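Below, chain A partners chain B and then partners chain C, in two separate complexes.
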Partner chain A sequence: MATAAGTTTEWSRRRSLTWRAVARGAVPYALVAPVVAVMGAILGYPIYSLVRISLDRYGLFELIQHKGVYIGLKNFGSVLHDGVFWHTLVRTIVFAAANVGLTMVFGTLIALLLVKVSAWVRLLLTAGLVLVWSMPPVVAVQVWNWMTNSENGVLNYILTELHVGNYFQHNWYTTPFSQLSMVTTLIVWAAIPFVTITVYAALSQVPRELIEAAEIDGARSWRVFLDVTVPVITPVLLILTSLSILWDFGVFTQPYLLIGQPHINTGNYLMSIYLFEQGYVSANFGRGAAISILMLVIVAAMSVVYVRRMIRIGEVT
Partner chain B sequence: MRARFVVAAALAVGCAVVATTASASTGRAQANKLTVWLQVDAQSGWPDVVAAANQQFQQQNPGWTVDVQYQNWGDHLQKFNATIAGNNTPDVIEMGNTEMTAYMASGAFADLTSAKSQFPNSANWLAGLAKSAMYGGKLYGVPYYAGSRVVTYRSDLFKKAGIAKAPTSLAQLVADVQKVGTMEKNVKGFVPMYIPGTDWYSALAFVFDYGGSIAATHAHKWVGTLDSPQSIAGLTAFKNLFDTVSTKSAATLDEANPAPYTVFSQGRTAAILGQAWFSCCTGTKYKSVTAQFVMPSHVAGKPIPGFLGGSDLAVPVQSGNKSQAEQWIADFTSTANEQSLQAKGNIPNATNLLANTVNARAAARSWFVPQAKHWVDVENGNILRTMLGQILTGKLSVKQAASTASANIAYTLNQS
Partner chain C sequence: MNVRNSHRTAWNVVGVALFVVMIFPVFWMVSTAFKRDDQITALTPTWFPLHPTLRHFRDALAKPFFWTDVKNSVIIVLVTVGIAMVLAFLAAVALSKYHFTGRKLFIVLVIGIQMLPGAGLIIPLYVVLARYHEVNTLTGVILVYLTGALPFSVWTLRGFMLGIPKELEEAAMVDGSTRFGAFARILLPLVAPGLVATSVFAFITSWNEYIFARILLNDSSKQTVTVWLSYFLGSLRQTDYGALMAASTLTAIPVVIFFLLVQRRIAFGLTAGAVRG
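Showing the complex of A and B:
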């Protein structure tokens, strides 16, 4: 009896322990569940809907009927056989690379400057950066338009007054290259504050004693920067680079508004504009959905490299 | 390693979705409210006509309000498509006559055939405009107004330069505006005749003036014809005119930014080419010296063929207020309102209302776009604007640019 009672107690204690372990193990999942549910609702359904439409012929007629006609992978086939798609993809990659590169270089340089300047200058610079950061893209486009329009743009006026050359009624938007260059100036200008402020925060985490030790050992400032500062801020630089790639690859507002709809054509398409023109302007929503999915895959493929490195850095530190 | 890759891929897809998706909001129509979409031309040119129609409608329908929302030509169709998807269309929409076919063919508009007689002057509607609102023998729109292109000029400057009468040939026009340009050469930035380079409505008039065309059907397929010798002669004539009398900085500008009448109102040009209603907006300073004449052809004594642009008013099939929508359209296109539109430089929607105006005289020779389902894609794809920009900046020769545009037009029109 005593043995039986002891066994029951033992089993009961073990069961209680097991339940406790399961409950303890379930806590993280329970905590994550709301996020997963929300992500599933706001990302899962649109992706499902996007995939469904991409497999349909879905034009104006189908839009009015609220029902597409299944055509399998024909939309993907027609996009992948479209020369405009490949030209646009290459142009967008070059455009994004230039924008990300310029943003990261100028953002980091200004962050390094912030470390060196006096507190007052730092305050003024930071206030300016925050002002730039807080400006909505549509407003920024209007400011750029005001500065660069050929009729009475202030840029032409200043350049002419400074005797840089005769810029009277100079048109800054005559070729696809000049149009996208103007867009680049706007995007880089607007993106620098986020990079600068974040890199500045990372620089303040670089241990001072490491820098002093390197300097005592005779390292020059460039070597100190490369061998001491950069390794410490690399995780932040990687996060900023990957975010910038995502933003600049899919940028729409600035190029569409600054170049202007009457001047958007296959020669200056970026991927998001190509998607908009094919899907919305031409009312070919099935094809537009197929382009969206292809963009999704491309951006995911580009991001995976950076995300893996970030995870690896996280495991090491 | 594998798990790490999966996590990285999932995160990357999540990020990519954020980068490539957008959201849209929808609303619901309000009871006793009629939503009308008109183009901004009405807002700037004839708001009094809109107000008169609204007042008349509200007297006939006590308790109803009219919400007139002004749209831009550049994006109104995308916005309309979004309202179709969200079952939230306006009750009345203004459509350009080149935009109607694709929407009528897709069943976007209510059939107005049985209600035709309730619209004023419907027995005498302008044939060209009425045709653009018909599909499969049924009526899907009501002609609103039409307009040709004329020259709006500064009569004081012409007079000062000793020019007594309007030019009757292209060569004479060039000589006249050049004379004014020489006289005003000390005014900084003065352009004898301001022409926005990518204004294809004006540019293609030259193509038709020289016997050319945009596209033609051959064996049930569309063939681009902008590279024909006649079309190239016309485009070359346009380039010559632009190079002689306009400004290089306008080579890639369009007719909306800046509007030609804005340049005129700032005293920076002696003449502009465009819609006759441009006279509304030449500024108080130059109002009394604003005059118009028909744009002459290269053949003396003839007008250049003008683009017979126009608008129709349609009732989207999803509207829940169809009878009220029809009534508002009838009020808006009343005889009195159409006569007001004519007084403001437009061509009214019916032949019995036509007066001997410069606009009506200009419409004596006119051209229209190919009536193809996918023509609207040619417009939205900016194929013609791109060609004109390439020609006027000298990036491509007339022949090269016309050949490329011609091939693109044929490809677009022949889409299934």
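Showing the complex of A and C:
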């Protein structure tokens, strides 16, 4: 009797232990479940639909019917045989490269300048950068519209006064190159603060003793810079560059609003605008879905470096 | 020493010049908003509004739908941020305090989704929302904003939680608290600044968003303030730049205030991993 009772308690205790272990193991899953469920519904399901729609003829009629007509890979075929797609792709790559290059070079140089200046200048410049960083994109576009308008924009006035040339009533939005150049000035201006402040944070992690030791050893300052400073900030520069590439490749708001919807045409399309015009505006959702998939694949390929690096950070910590 | 000082002076001059160039567009926006019309249209610009006027602000505020659209923006942003914070907080606890099978996949998705370009998702989100009659509703926009706010908040909150020393939590457990008790009494107060910073940043991102609000909301009475501002130029040949700059200033003010409050923390949160890696 006594033994039996003892065994039962033992057994039930063990069972409750297992249960507790299982319950404890289930806790993290219970914690992530809401996010997974919501993301599955609002993003997973749409992406599944995206693949389905890309294989359909799907226009306004099909949108109302909630059902497309299966046409296989025809959407992809027509996009890939469209000269506009390839021109837009090349233009977007060149545009993104120019923006990223300028942002990274200026952003890094200003960060290096922050190390050199007196404390009050550093404070002033940082405050200015943070203010610029906080400007909403649509607000910045409207300010650019005002500053660069041909009739009495302050840009033309300043350039003329500085004797850069005669820019009296110069219109900056006549050719695709000059339109996109204005977009670039806007994007680079807005993106510099994030790069500068991040690189400066990395620079302040360079051990001072290391620099001093190198200087005592008689190393020249640029040698110190190359051997001590550069290795410390390289990982940060890599991450910032890949992030900038992704952002600038997919940018929509600034070019769409600054060039202005009536002036958007096949000659100044960027990838996201091409997709917007040919998929959404012309209500050809099947074709738009095919363009979306091509764009997402390109971006995914570009982001592999960044994502892998971030995952490594996520795993270690 | 003298050479060093003169070098520093030269760098200071460059620094101040850069400050002037960078800040100029913001200065020009605010300055224009306060100028009289004749100073705005003149070919020779007036640099400072010596006789400031509030007329442009009154004009901007009197434009149709400004307050309606501000209200829409506030509703969308508050609901988005509220839902995102609660759900993301739970997931961030799982990521920072537990090791579990599938954790790596979850991290890959959280980071990967943030890399997707918004434009690439226009078509699927529009079509799916149309299927459930959520086009031209605030709910539809909130759902779309959650696709971005959730992964961002999970990842950022995780970063803040890692900063909390495990010993503190363990000390509370030894005291006889349950894991939940430890969580409520120790973890929550410590993570509160992170929660505030993350929600403010999610707030700003949603407030600034343009493309989905533009696509999903067709009625002027249902738009957000960003879309309202983008239509401001209108089709008139003679643009009222004074009112446009006043409206831009008004749209930017809440963002600037919030941004200044949390910028330090978020800059840390975004780059902590990067610097450490």
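The rule we apply is simple: the second predicted complex is superposed on the first by the 257 of 317 C-alpha atoms of A that agree within 3 Å, B and C clash if a C-alpha of one lies under 4 Å from a C-alpha of the other, contacts with A are read in each partner's own complex, and residues count from 1 in each chain.
Everything below uses one rule, namely that a residue touches a chain if its C-beta (ideal position, glycine included) is under 8 Å from a C-beta of that chain, and two chains touch if they have at least 3 such contacts.
Keep in mind that this is a model prediction, so the values were computed, not measured.
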Does the superposition put A:L60 against chain B (first), chain C (second), both, or neither? first
Quick one: is A:G288 in contact with chain B, with chain C, with both, or with neither? Answer first, second, both or neither. second
Give one of first, second, both or neither to describe whether A:Y280 is in contact with chain B, with chain C, with both, or with none. both
State whether A:S118 touches chain B only (first), chain C only (second), both chains, or neither. second
Between chain B (first) and chain C (second), which, if any, makes contact with A:R220: first, second, both or neither? neither
Which superposed partner A:A140 touches (first chain B, second chain C, both, neither): second
Touching partner for A:I47 - first (chain B), second (chain C), both, neither: both
Chain C versus chain B, contacts on chain A by residue: C
Touching partner for A:N171 - first (chain B), second (chain C), both, neither: first
On the A-aligned overlay, A:L296 touches which partner chain: chain B = first, chain C = second, or both, or neither? both
Residues of chain A that sit at the chain B interface in one complex and at the chain C interface in the other, please. 39, 43, 46-47, 50, 63, 66, 149, 246, 249-250, 272, 275, 280, 292, 295-296, 299-300, 303, 307, 311-312
Any idea which chain A residues touch chain C in the complex? 25, 27-29, 31-32, 34-36, 38-39, 42-43, 45-47, 49-50, 53, 58, 63, 66, 110, 113-114, 116-118, 121-122, 124-125, 128-147, 149, 152, 154, 157, 189, 192-193, 197-198, 201-202, 205, 235-236, 239, 246, 249-250, 252-253, 256-257, 271-273, 275-276, 279-280, 285, 288-289, 292, 295-296, 299-300, 303, 306-307, 309-317
Which residues of chain A touch chain B in the complex? 39, 43, 46-47, 50, 59-61, 63-66, 149-151, 168-171, 173-175, 242, 246-247, 249-250, 260-267, 272, 275, 277, 280-283, 292, 295-297, 299-304, 307-308, 311-312
Under the stated contact criterion, what part of chain C meets chain A in this complex? 7-8, 11-12, 14-16, 18-19, 22-23, 25-26, 28-29, 32, 40-45, 83, 87-88, 90-91, 93-95, 98, 100, 102-104, 106-109, 111-113, 115-128, 130-131, 143-144, 146-147, 150-151, 154, 158, 162, 204, 207-208, 210-211, 215, 226, 229-230, 232-233, 239, 241, 244-245, 247-248, 251-252, 255-256, 259-260, 263, 267-268, 270-271, 273-277
Which of the residues in chain B end up touching chain A in this complex? 4-5, 7-9, 11-21, 74-75, 77-78, 81, 84-85, 102-103, 105-108, 188-189, 198, 247, 249-254, 256-258, 263, 317-318, 377, 380-383, 385-386, 389, 393, 395
